[in-house]
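Once you scroll down, you'll see the structures, which are given as structure tokens.
Presented sequentially are two complexes of chain A, the first with chain B as partner and the second with chain C.
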Partner chain A sequence: MAGINRRRLLFGATLLSAFGLSTVASVADTEIYDAKTRKWVKYDRATARKMFARNGQPPEAFRMQMVKFRTAEKPGTIIIDGNQHFLYLVQPGHQAIRYGIGVGREGFGWAGIVRVGRTAEWPTWTPPAEMVARDPNAAKWAGGQPGGPDNPLGARALYLYEGDRDTIYRIHGTPEPWTIGLDVSSGCIRMNNDDIVDLHSRINVGAKVIVLMQGAALYKGV
Partner chain B sequence: MPALETSIVLKALAAAALLAAAGCQSSSPEPQQMARTTLQTAPADLQLLCANAVATQTGAASDKVLPVNSRQLDATSFQVELDAAGKRHSCVVDNDGNVKSVT
Partner chain C sequence: MVLRRMLLAAGTVLSLTGSSFAADMVIAMPNWPSGQAAANILKLAIAEKFHLDAEVRELGTMLAFAGMETGEVDVVPEVWRPNFDDLVKRYGQDGSKTVVLGERAVPAWQGLCATQDAAAAGIKDVADLSDPAKTAVLDTDGDGQGEVWIGATTWKSTGIERVRANSYGYAKTVTLVEAEEDVAMAAVDAAVATGRPMVFYCYEPHHVFKLHDVVRLTEPAYDPAKWNIVAQSDDPLWISKSSAPVAWGPVEFHVAWSSGFAKKHADVAAFLEKVDFKPDEISAMSYALQVDRQPAADYAKAWVEQNKGRIEEWGQ
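Coming up: the complex of A and B.
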């Protein structure tokens, strides 16, 4: 396999962090237009928590909506724009359904072309060995956390494969809906539970998934 | 006549206020565009149009061409850098989805 495996990718990311070299993706700030003040405001964890507490949902831009999308990719293809925090599901007629997403935090972003290998409803979460080693909260679930409202994978999971091999990355729901629009994960793509349930109902196993993320390591040697 | 003049002036002021308000409203982004990043990457669909153009022009398999970088060149166009099975290409595409060049 010509692709970079996850261990190499994480090793590269660790090296970048160790030398103070962050990826371009991590340098970018997300901004939200505040209709009340008519100003663009930085959208970070604190702002996201505050806005979600106030509105009970993510900012309008990160809610599910139909948008114009000019592409030669066939309907059913999933396009992830990690920099802008959008996931597009291509529809006929140069349109797409756009959802808001949370993506990998500094050093954990990636780009590549993969596919949906399988899906699950209320999936069990089993943290990968690297996460168990670095995160005490993950370590207690080394044997697997049963599906449910507190499970980090949320209501549905789409397991991303490269060929027949599980990449360990998933598109999944979350019990933390305020994190949509942020760089928060360990490389997985997270969505609101309502949105992942909707996406899960619309896609087929085998669907092509294109992950765009400027400055991130390539998952595979495309 | 002064009353009429006052009325005209008031109407003119009201119209100006309406126009100003309309101007303010039109300067707000559409709801779907109320989020942005400081990176100013090309929209995803334009990046993929470039990927398709590179695949077509080089004969590379479409699942081997991935946009890896992009930037706004001017008000109407973007430059997209692509990886095609390890080979780098550059593409310029405009806001209307017209691919201007592939190298």
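Coming up: the complex of A and C.
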């Protein structure tokens, strides 16, 4: 089997074409290539945290970078590839700025076309009722946690709307930058704070957002 | 593609204000790029040759046919066949005879395409989709089974692609994904950008062929004896009752105009009969409007300027 394993990301370099290495069983996990040990390692929460502590930043593939990106979408459009943990902001001249993202544990559970309905700086986070019921930490903030460095929404939030309706999904920052590249949050798209601040500064309210499908089983529409 | 064009018709509201009072004729404009360019090119060419002022009105194929019957619409730039054969039958020479279909046709195509990375991974023929060892590279949700986009939920062609997947057998080995075209095309963009293999429903002329180096999957040739598609209107279970283990048959599209208009303006009808857009011109239109984002009216103006000779020939 040739080609890139969708979850395999090269650590310390750009994306690697892995020829004849991948197995079907391994694709369920995120894996990255550790240049130090020259081995593919499971990219789970513990590894991510350790690597982040060692390097002070996410693996290179997940860092903000300009990439070649041929598309019919106009500059300013956001394309989210939850499978590969990338968010693209389309630029002129068949290029895009690519950022690393963390996504929901079960993938997004949805795909489709939405738009940035509004944005907020250092947004307030209000936990959903079911979270308040099961999590005492969340219960503390039932009335809303003010924005700040510990707020789970991080430095900025882009609220995704379908028409004039808030979808309840957001692209937001995170106080836990090592979680970029993992499937951890619940349905939302998280970026590290520097990246979400950068993205926020470049987009306009109304920007088209395309969330790619991750298989029919997860495609439910927004 | 097919039903998309019908639904647009249903969703488009006629606006009968302002310019429509002044116009001498109405050209229906679909919402796909080549049709938009063609509608505007016809408007300008007819203005130049015949001094008729045409209103270009956003209208899908279904409503446009109904409009040609009532006399509200005069010209439709792209009528896809076999997609709209039911309309052609109902309004054409075998039906109410209110619509004339130009004899010239632009050859088109529909089927499955693979990115270069998918081809390099060994997916070149539709039979390869039935091999789970090959299609695992198409996995995008971590379940070990590949995904293939077969079209938008609302398209008629999507149902037929499902029939084909059942008939060939790859419905068992890959997950068939339905999503809006913009989502699928962005997925192709992202797949190409990261070297990830992808297989998807595609149709031509379409700008994706100019944007990316994609290849058509080979498959057994169309055989009318094996193409057994139960009409959707006859049976809600048409997909499970149909069978089509072969390639799509010949696809083409035509210019059409109303019989009433032809009586009133025989010279324009004769002109429309000679309109002969080439497939590469249609692709270029699609690319210019969709990728280069040129406004249809501007593109048409430049096209008419650069093709004065052609328009002259059509008018003779």
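One rule holds in what follows: the second predicted complex is superposed on the first by the 180 of 222 C-alpha atoms of A that agree within 3 Å, B and C clash if a C-alpha of one lies under 4 Å from a C-alpha of the other, contacts with A are read in each partner's own complex, and residues count from 1 in each chain.
We take it that contacts are C-beta pairs under 8 Å (C-beta built on N, C-alpha and C of every residue); 3 or more make two chains touch, one makes a residue touch a chain.
It should be emphasised that the depicted structure is a prediction, and the values quoted were computed from it without experimental measurement.
In the superposition on chain A, contact of A:48 is made with neither chain B nor chain C. In the overlay built on the shared chain, the residue A:97 is in contact with neither chain B nor chain C. In the overlay built on the shared chain, the residue A:188 is in contact with neither chain B nor chain C. Looking at the shared chain after the overlay, A:113 reaches both chain B and chain C.
Applying the stated contact rule after C-alpha superposition, one finds that A:83 touches each of chain B and chain C. By the touch criterion defined above, A:158 reaches neither chain B nor chain C. When the two structures are aligned on the shared chain, A:74 is found in touch with chain C, with no touch to chain B. When the two structures are aligned on the shared chain, A:203 is found in touch with neither chain B nor chain C. In the superposition on chain A, contact of A:171 is made with neither chain B nor chain C. Looking at chain A, you'll find residues 24-25, 27-29, 67-73, 79, 81, 83-84, 86, 88, 96, 111-113, 210, 212, 214-215, 218 touch chain B in one structure and chain C in the other.
If you check the complex, the residues on chain B that touch chain A are 24, 28-29, 31-39, 41, 44-49, 52, 62-70, 83-86, 97.
Chain C makes touch with chain A in their complex at residues 117-118, 120-122, 133-134, 136-137, 139-144, 147, 149, 175-180, 182-187, 189-190, 192-197, 207, 211-212, 290-291, 293. The residues of chain A lying in touch with chain B in their complex are 24-25, 27-33, 35, 38, 40, 43, 59-62, 65, 67-73, 79, 81, 83-86, 88, 96, 98, 100, 111-113, 181, 208, 210, 212, 214-215, 218, 221-222.
Note for the complex: chain A touches chain C at residues 1-4, 6-7, 15, 17, 24-25, 27-29, 67-74, 79, 81, 83-84, 86, 88, 96, 107, 111-113, 210-219.
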